[in-house]
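Have a look at the structure below, then the notes.
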Amino acid sequence: MNVSILGGSGYVGGELLRLLLSHPRIDVGQVTSESNAGKLVTTVHPNLRKRAHLRFCSITEIKPCDLLFAALPHGSFMKRFPDLRQVAPRVIDLSADFRLRSADAYPEWYGHPHACPDLLQEFVYGLVELRRDAVRRNPYVSGAGCLATAAILGLMPLFARNVVQDFAVTIEAKVGSSAAGNTPSLATHHPERSGAVRSFQATGHRHTAEIAQELGLHGEPKIHFSATAIELVRGVLTTSHLLLREPLDERDIWKIYRETYGDEPFIRIVKDAKGVFRYPEPKLLAGTNFCDIGFERDIRTNRLVVLAALDNLMKGAAGNGVQAMNVMAGWDECLGLEFAGLHPI
Amino acid sequence: MNVSILGGSGYVGGELLRLLLSHPRIDVGQVTSESNAGKLVTTVHPNLRKRAHLRFCSITEIKPCDLLFAALPHGSFMKRFPDLRQVAPRVIDLSADFRLRSADAYPEWYGHPHACPDLLQEFVYGLVELRRDAVRRNPYVSGAGCLATAAILGLMPLFARNVVQDFAVTIEAKVGSSAAGNTPSLATHHPERSGAVRSFQATGHRHTAEIAQELGLHGEPKIHFSATAIELVRGVLTTSHLLLREPLDERDIWKIYRETYGDEPFIRIVKDAKGVFRYPEPKLLAGTNFCDIGFERDIRTNRLVVLAALDNLMKGAAGNGVQAMNVMAGWDECLGLEFAGLHPI
Amino acid sequence: MNVSILGGSGYVGGELLRLLLSHPRIDVGQVTSESNAGKLVTTVHPNLRKRAHLRFCSITEIKPCDLLFAALPHGSFMKRFPDLRQVAPRVIDLSADFRLRSADAYPEWYGHPHACPDLLQEFVYGLVELRRDAVRRNPYVSGAGCLATAAILGLMPLFARNVVQDFAVTIEAKVGSSAAGNTPSLATHHPERSGAVRSFQATGHRHTAEIAQELGLHGEPKIHFSATAIELVRGVLTTSHLLLREPLDERDIWKIYRETYGDEPFIRIVKDAKGVFRYPEPKLLAGTNFCDIGFERDIRTNRLVVLAALDNLMKGAAGNGVQAMNVMAGWDECLGLEFAGLHPI
Amino acid sequence: MNVSILGGSGYVGGELLRLLLSHPRIDVGQVTSESNAGKLVTTVHPNLRKRAHLRFCSITEIKPCDLLFAALPHGSFMKRFPDLRQVAPRVIDLSADFRLRSADAYPEWYGHPHACPDLLQEFVYGLVELRRDAVRRNPYVSGAGCLATAAILGLMPLFARNVVQDFAVTIEAKVGSSAAGNTPSLATHHPERSGAVRSFQATGHRHTAEIAQELGLHGEPKIHFSATAIELVRGVLTTSHLLLREPLDERDIWKIYRETYGDEPFIRIVKDAKGVFRYPEPKLLAGTNFCDIGFERDIRTNRLVVLAALDNLMKGAAGNGVQAMNVMAGWDECLGLEFAGLHPI
């Protein structure tokens, strides 16, 4: 299958390229970057030295291919999508442009109107674990936000079983610096960003809309979401706090997660009684497509704390995109995503 | 004033020693350490080279002094306190032994009975900002937990004004590695601890009891507390989420904090409209006695997010102890605590 | 091919296990650990969850296999080797026990006599790039020290061409914390090790002996070696300074490296005129088997600075071991070692 | 004494401001910043909240004062110096403009002619430990490069005693990110800079010229200098390798250092037989004005390794400037520089 990448010079684009280059069923066609057109991809993605000999081209040079990945900046892909439909029969967009189903929600959270609200319904919100069949059948798939992915995968089983009091949850997301992209600024300048514990979006984070949309399939959710940047390059941990409608013992909760995710290749329930590795730990997931999920009950208050970890560039972006592609193509879902992760790291 | 330190080889003891050595009104008497008795304090606290020429002694050699600081491991001081009353007329204990007022709460949270429950009432919970007068008048003062200090200082003004719905709050504490002390283990082994985002105590953290005790002065609080270890040596950030009884605009909240803390030398309200430094950032507080507090409203849901940052060894332990000592002695509260903090760091 | 691992609970053993589990030609037989016998390997190597269902066994239970990897502590394997020859026809030892050819050098650098000096000659020093044929033909192969590997691969082409003045070189090695193994101590306790720039072995480092042995094939070398621990988990950068016998221009040096390493799959000459990635950078190599080599001339003094980077657990240990195994078995040298590395990380 | 700061928005300017604000003999007059004129200094230096209420002004508004600190970008101060002489009778310049005595050396290393080569001789190279008397008597003092300061202070006693073979030394400097200033770029973008071991200047570093100038007072030195950026915000460690003319035992070397630095308030010889803290460690020096110096002999080769650590913004810039000011004013050299440093950090 011939696959091209729009917007291949960012961190998500680079990760996609890395994955596709070692994918056994894929030929990488073109990789676009306006600012780097003509340069070797390895000038921007030095990890691909000896592995890639491609050069970036301009998006204006894009040729027909079997599947097109878009990793353009938010707001950019939606303007081009109507034209790009001619380029490839299948498109996976990793930007935020087609994640929300509601034409009203988009401007509320993104602050400007959507360029083609009529086309929103053509995309599937591509969390494979939530809607594998729709992803398989649909030509247009959207990625999901990295923080939203962790939060949704951690909470969905509980919302689907209706065990959450008032459908209310408080989500604290911790995230590494790569999630903010590759554009330098004072906020990402090493002396300022190193060792930071920075509540960069205490309220109003856009991923709240995705989480509400997906968990809202099971009732009207109350999502209280905050995001904190911490010292880490890759990685997300969401810590979600909710009250249970009725007390559940540990076995009940294990059962809910096992029934939902028992056969999922990329979800692991990580919960040991003791030990350093008893809960999900994002650093162990760098480069992998896993989402590790754990939980702990507070028996004094009937609170449940749900932990979900992933690599924001993998399960939170490019890896999930490749997983969706595998599903769309009818291949083994794990193709090209076998990396186990490093320990220690 | 002649001051001695019990338990001077740990991180809190070392920080105390550093502060007392440069305090203009203090002569440091003895510093005890059973495992290091006879050694120079600089073998353990290398930052004090050229500043300290003391040697550790055993606690059995302790002599009378004007004020005694105790920085012994939890559970150790309470066994010795009845005897130590003879050593000094004033004692500041930085362990957890005398933080809880209720004889019932101690075994519930610490898992073993208190050695002298009758004496619990003799200690003041020494957050100066909450009860300056009691600290001034009382010979026995207890320190406060580092995470509890941040949470309480951030939330107390809101609980005192009764603006919190159901007195309920979800607190997510992020904390650096020094808070776990100086004993090596696999959990603190650098290859494992570096870059960690480790939910080491999702529920059941002992500081919950202190927070409930202090905020409970204003109603029956529902405290949902979790603690996550992150990549950082010194520092705490608590992110507290609560719903407001009634909508308050930003000015109302500013007013509450200003009225409560306007004259406090070690509390800063950090809330700018924009910029990298718009919220509290613990790394800027390393070595200082500040607790920086910020907040953000979620107008969609009437949620308020309260951020509080401090250095766990300073305002979260030794610095707060020196502040309490200054109050007890009737001195300027800031003596020996003038360090402004480093930027960048 | 059936392969077992002696000493599978350490960092090198875990890395070996990770590589062998995803190697297309290998069945992993047994993995020993005395302290963890009976436990799942994932209790110690959490990255292998969902990938490994093996349990550790005791070395006393070891069964015959086709090839045996040893990742035991230094000094332990040499006592067992005479017996272990019965277990497998081929052995790759990743400890330091059989790296030195000279029976005299071992006690000089390791401080105690060798357990079986007569057998030293049976092992090949297994840097494949230096002696591929010997590795192919020999049943017993030794790994190489991680710092030594970087230094030797960087310098060997220059020593072999006899362009180094007096055969003298000053080597400064920077290394991450995983190289010291998984046993906690004060030196590796996170608050102490984090942000460290610790000259842990300014002189007398044991890898000096390996470097001298290998570079000494081309003349009597003068090796001035120092090692500094820095903030990093995985990774080594050696910075080697030498004076050239005669001035060489940049093209001459490029030519030397290209002729030596042009066909090597795991060596990349990294030297761009500008850009952030113009020299070798160890963090980009985490999880890969690459050794990246760069250089810069000081035209004022005729000095050449040679930079060599690698992942100490991969090319510096387990990865190199797998590469050697591939050579011994006559397979594609890259099998199981295809991971390109992450960027950013 | 009334002191103003030219260029107060950078990291060195901010550090100066922090030090001067708590200096008992100084009134801070004006602090200039062209890009921040009119803003509170705390918008750029958030650590000074509650400590500084000043606003930046433009350099065009500068008024006469007793002493002027300049922390302008390299190349900027020298153009203004002839005019600025009217503003203050004493000037301390922390840029590189007046560090080199030779009018020829400047363009060789800086790539452009000096704006006022005739005035070079009016400045003293302000390492107080090298020329305290000249600093005391001279109205114009230049700072020293941060890497040069560490290297020179570590090596000077050996060069002065003529114990170094051929006056030759290989210096490997490791340095944190704050030394590169506060301007964001891809090289300092957190995902790229975090965990880096980047040989940013393997040869040709400008500090080489300063080191040669200062060590050259004792013979024609051969300086082989390289600089590597590592994961650290503040801090420098130079590792210097040299051969001794004749073997010296440890006591001889101790004696050389003690005789040279025994009375120096900011130099500590750090060399223990064992322990984690046996050598200089830059992280312990953050915020202090110490330069810690250690050494180790290689008895096999007669090599001596000299380690020197400091905080690049303190002893490597602002702290050394304040020390020089204290000397110029005839005050206790330690005024305002008493901070002992933090442990752990």
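A few points about this structure:
A, B, C and D are the chain letters, set down in written order, and residue numbers restart from 1 in every chain.
One rule holds in what follows: contacts are C-beta pairs under 8 Å (C-beta built on N, C-alpha and C of every residue); 3 or more make two chains touch, one makes a residue touch a chain.
In this text the structure is predicted, and so the values were computed from the model without any measurement.
Between B-C and A-C, more C-beta contact pairs join the chains of A-C.
Taking the mean Cα position of each chain as its centre, C sits at the greatest distance from chain B.
Our note on geometry: chain A versus chain C, Cα centroid distance of 36 Å, whole angstroms. With centres taken as mean Cα positions, chain C sits 46 Å from chain B. Along chain C, residues 11, 178, 182, 186, 191, 194-195, 231, 233, 281, 344-345 each make contact with two or more other chains. Touching chain C in their complex are the following residues of chain A: 11, 14, 18, 21-22, 43, 45-51, 178, 182, 233-234, 265, 268, 270, 272, 275, 277, 281, 284, 286-288, 290, 292, 338-345.
Interface of chain C with chain B (complex): residues 11, 176-178, 182-186, 188-191, 193-195, 231, 233. Across the complex, chain C is touched by residues 170, 172, 174, 186-187, 191-192, 194-199, 202-204, 222, 224, 226, 228, 230-232, 235, 237, 239, 241, 276, 279-283, 294-301, 303, 305, 307, 309, 344-345 of chain D.
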